[in-house]
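Each chain gets a letter, A, B, C and D, in the order it is written, and its residues are counted from 1.
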Amino acid sequence: MKRRIGILTSGGDCPGLNAAIRGVTRAAYEMFDAEIIGIHDGYRGLIEGDYSLMVRSQFSGILTLGGTILGTARTPFRNMRVIGDDRVDKVAAMKKTYKDLKLDCLVTLGGNGTHKTANLLSEEGLNVIGLPKTIDNDLYGTDFTFGFHTAVDIATDVIDRIHTTAASHGRVMVIEIMGNKAGWLTLYSGVAGGADVILIPEIPYSIDKVAGIVEKRARDNKGFTIIAVAEGAMSKDEAKLKKKEREIRRAAEHYSASAEVARQLTSLVGVEARTVVPGHIQRGGSPSAYDRVLSTQFGVHAAELIRDGHFGVTVALKGNSITHNDLKDVAGVPKLVPEDDQMVTIAKHMGISFGA
Amino acid sequence: MKRRIGILTSGGDCPGLNAAIRGVTRAAYEMFDAEIIGIHDGYRGLIEGDYSLMVRSQFSGILTLGGTILGTARTPFRNMRVIGDDRVDKVAAMKKTYKDLKLDCLVTLGGNGTHKTANLLSEEGLNVIGLPKTIDNDLYGTDFTFGFHTAVDIATDVIDRIHTTAASHGRVMVIEIMGNKAGWLTLYSGVAGGADVILIPEIPYSIDKVAGIVEKRARDNKGFTIIAVAEGAMSKDEAKLKKKEREIRRAAEHYSASAEVARQLTSLVGVEARTVVPGHIQRGGSPSAYDRVLSTQFGVHAAELIRDGHFGVTVALKGNSITHNDLKDVAGVPKLVPEDDQMVTIAKHMGISFGA
Amino acid sequence: MKRRIGILTSGGDCPGLNAAIRGVTRAAYEMFDAEIIGIHDGYRGLIEGDYSLMVRSQFSGILTLGGTILGTARTPFRNMRVIGDDRVDKVAAMKKTYKDLKLDCLVTLGGNGTHKTANLLSEEGLNVIGLPKTIDNDLYGTDFTFGFHTAVDIATDVIDRIHTTAASHGRVMVIEIMGNKAGWLTLYSGVAGGADVILIPEIPYSIDKVAGIVEKRARDNKGFTIIAVAEGAMSKDEAKLKKKEREIRRAAEHYSASAEVARQLTSLVGVEARTVVPGHIQRGGSPSAYDRVLSTQFGVHAAELIRDGHFGVTVALKGNSITHNDLKDVAGVPKLVPEDDQMVTIAKHMGISFGA
Amino acid sequence: MKRRIGILTSGGDCPGLNAAIRGVTRAAYEMFDAEIIGIHDGYRGLIEGDYSLMVRSQFSGILTLGGTILGTARTPFRNMRVIGDDRVDKVAAMKKTYKDLKLDCLVTLGGNGTHKTANLLSEEGLNVIGLPKTIDNDLYGTDFTFGFHTAVDIATDVIDRIHTTAASHGRVMVIEIMGNKAGWLTLYSGVAGGADVILIPEIPYSIDKVAGIVEKRARDNKGFTIIAVAEGAMSKDEAKLKKKEREIRRAAEHYSASAEVARQLTSLVGVEARTVVPGHIQRGGSPSAYDRVLSTQFGVHAAELIRDGHFGVTVALKGNSITHNDLKDVAGVPKLVPEDDQMVTIAKHMGISFGA
């Protein structure tokens, strides 16, 4: 059986992309007569016909490599909602490239935006298989996405380093962790790093409650407080705004969640709170062992699905099993932290405050 | 509600022990009126009445600390099977210490041996809660034990480093990974490290098959081969022996799985194969973020069980949930790699050989 | 011989402080009859008489610990230049504590500010020995300070991680490295991380030159550029301002060197440049092996000087030797990167641009 | 000016080789019209005419890569001292390849063996420049070789991990560090890792002294002892043997320094001492920031020397300066740890025993 497979990576870069690419392609080469077309810079390459025929040796030695050898770009329809024709044109262009290349299948590695487009192409009749990557872990239908645990490792290392400064100087430190909509990364790294306060978008906070924690710790002679705050964390007041309104305000103010928390705490408690914004380092570098295994498992399962001619799905981790979901059921559905998530309860039982 | 809790760590040391101790005790202090007795060096301290009353601050700052602040020792009944009376005396001594200390509960952190003793004490009427720790991940009833993923990180880092030597010199390198009975650690780190061959106790190997891989790679101009071999890996011939006989032979010969594989390959293929035995470094040092989270979750769940008066159980991870099993159902039941494990199939689809 | 030694850590925290404290005290305990007084939070503790008598076991297990077990605070005379009497009062208070404690010697671990105060106290007749710590490496008379190489490791790791994002997205990334006056940290981590452009305070840059590099790289099909910029880097225009004026302007504008470079590049070249500001993580966490060795060497040499009654000095590394300088000769003298520094020349020969 | 440069890496692989190759070649391309010939597997490639013309992009992205992209092999004259003709033939073959390739210069990266051959070729009239690489740091004329500090980092990390096991179990742990002739790696990592005993080839030990330390620590209630032993460490009795005789004995016995120390301690003190032999991991993986800087500096200086037509030298670090020595003065001269080395004295003042 001969199969011609197009593969692309889309959205923000993420540890494990190359490991997953290696998983798909190496398993495909092992299991059947595969021909791999690498599509450059995500959907842009599919739209513009920018791709190259790969040879097997190009996938050697990339298991540990950060980033993506195929290049990536943000999803094609971002900021384009009003221009309906543009969308149609782009879909037509992508279908044309797929047909011209005589692909048997398109494999897309990405997050929610990538999956929405993948589903759209699947509905247009293309054979599509998705792989869930994002450091945010906010894709519905999979316990974990690849990239997430590496980002947890990095963010935890950041909190560890700040711990020593906080303790030595007796300071309040506010660390801003990636995650605009979902608080998973802040929740996991906050627990792993021993944060005293964890603020996430799903649980709006009262700054008075946070100030109360800082003051209580000072009274108990714990001279410092570590606050892990997600980029998208919001106060109860802000949470009352409509989403659109909140986004406009934040953009206008160059809003930073950590700066806002630090400013208010400094004012309320009367001690200087400092911020740390590790930013892009949370998505760079070599994937952890966990993510190399998960990426490999996801990639191999995608190759198994290609072998079986099973398309229109995205691979997933459920419990200890690698499986898949129909794209139409999960594409673009966000997975947020439920307020009664077991991990939240466990964190509360540790005495960690969510400021609520 | 006041609760007097004894806590001990038993068996080989393991990353996450202190994080788990912190989880149990901090959640206990937060949730109810807890008094913690730290029992020294595992069951030895319980037998000999060697313990100390702990204060809360002793559990601060230990989240990232390797090893165990309580000390540990191998389980009390090892090598003592024939001396029946000794066993009875020791159990009596442990019960006496428990009664003298007026404990409401005993929390035991350990592996299969530790759990067997925990179950025995539970059957004797003591209130016992277990926490599953081991870098081997060979405890029945939990998807993962804490310590395992940190060990995978370390073993993967070892394979990464050996990769550069192997590639630069064009060498066959045989890396011996911990695991006498179970191959989980070798399987996960082998996949994460990009090993070409993975040999585990559950799948006896034919050295001729392994030699064939080395020769094929040489023919394909991949000048090196990485072989990850578990301590307990055995050839098909050896697998025919009775377990006892095999153990006696190995002990007599100072048997090393990696040395044996290297020796035979050198002889069969005619190229020098070198061995690396990282040994104890696989169980030392600071726990990874993953294991800090899991240890904390396990610890908090143990405290929840104490609060609820639910004893005779050991905590467990199932899928994404923290839960528990009855000690009598799982204590001492080993969890080995099934031959048809999904991870094994995935590895095979990557072209990784198990030498079978 | 009995010696009563006061020891304090002052200024920003820095990897290796605890290793150096351990070096001084352990060598002192080994070499003579030492009594150690730990002074809390730097000179504040000396002024206010806040200290504690230490026992030997308190210095065990701290070799790998980040931060300082003694606490630290910024130097006592910061922002106090106009209040002359205050300075006199504080010096008097410090002398009084020294006398009351019947100290034979005061050991101060810190940077330029700390050394100025140490020299002042030495001139007042106290027996003082300094140890040069700072991640900035800007102390005159020593090849390296401890803390510097750990910070280089961390900043290099940051650049490594950003490299993968930059390459995958084809982006211009501007990474802001600590260093307000001295560019050592940016220079070393920039070379170690493979930066394309390095901007340091000692070599004012022309943004047009930097833009030229970005454009040339784009023309050469290297789709990304990594720019390492020190906090204190300044354009040639800004360099013409008086130092005071520049500081006032920067404070008023919440100036950020990386944001300014990114803003101007985005405007000049027409591609979005992104910033990363790792901040405090550069000074936290466990010291590297290099810094543990250097801190230990510095600490032991300080103990040797105490044994020999040789005071009014600060220890130093010169070539491969641990030695010392008179406080009066080096205290508060900054060590900046000379324009003709060999490392600068070497970086230029690698094709790295300093924007000059 | 056009220059045709041959480059090879010889001897055991070592972190920083690729960084140094990148340093030489990138600086050469920047400074003059360079053509680079990559010679494969060290002198073997020069003897057999196995090489390839490199293009600039092949040196991109290798800064962080472990191993060597050129391949390496042990030096050509090992075990061939008696076969004089063979040596002559090989030298003739190397000269022929050099002439055939019309090289202007040969750059050799390696240790003592490599430098001996480099000097021999230089004496034969070839233009040779050496770069000092080895994790052993045993090359005369340079303060440090590249690779050494990365190996110190790895060995220190090993000792750190063993520390937690040793402390938790109250054990004597004997860690075998690379270094057959020189103890630098054991000395530095032993100090950085907080070892209690350091045994190096240059200072023969008395096992009774070591046993005394273990017993004293037990009496002082420090329940564990960390012993760092170099591969080549020897007892005072063994030191009396002739070198040749010692080597023959060791080879016959499959001698292991750590196993020998552990065996004797177990017998003398009556507690089980365990060994850890990290082996090849000490020479693998990505170079540290320190070694990336040093490798780059060495590489650029080599290119500067080529530009200036200054041959017959090997680059060196002296104090804070990159410089060079004449090959004839330093090639093959070992640099051992002097008994009165300042670092040894400092370690002794810390209470570290050398067993002497």
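What we mean here is this: a contact is a pair of C-beta atoms (placed from the backbone, for glycine too) under 8 Å apart; a residue touches a chain by one contact, two chains touch by 3 or more.
Because the structure is a prediction, the values reported are computed rather than measured.
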Completion exercise
Output for shared partners of chain A and chain C reads none
Fill in the blank from the handout: Note, CA centroid farthest from chain C's centroid sits on chain B
Handout entry: Interchain centroid distance [CA atoms averaged], chain C/chain D, Å
Key = 31
Completion exercise
Expressed in whole Å, how far the mean CA point of chain A lies from that of chain D is 42
Completion exercise
Whole-Å distance, C-alpha centre of chain B to that of chain D, is 35
Problem - Per-residue overlap in chain B, given as positions that touch at least 2 other chains - result: 157, 160
Exercise for the section: Work through the pairs of chains, note which ones touch, and then classify the graph as line, ring, star, complete or other. Expected result: ring
Exercise for the section: Identify every two-chain combination in which the chains touch. Expected result: A-B, A-C, B-D, C-D
Problem - List of chain B residues in touch with chain D within their complex - result: 9, 13, 17, 41, 65-68, 71-73, 154, 157-158, 160-165, 167-170, 173, 274-281, 283-285
Exercise for the section: Can you check the complex and tell me which residues of chain D touch chain C? Expected result: 23, 26-27, 29-31, 63-64, 143, 149, 152-153, 156-157, 160, 188-189, 191-194, 288-290, 292-293, 296-297, 300-301, 303-304, 318-322, 342-343, 346, 349-351
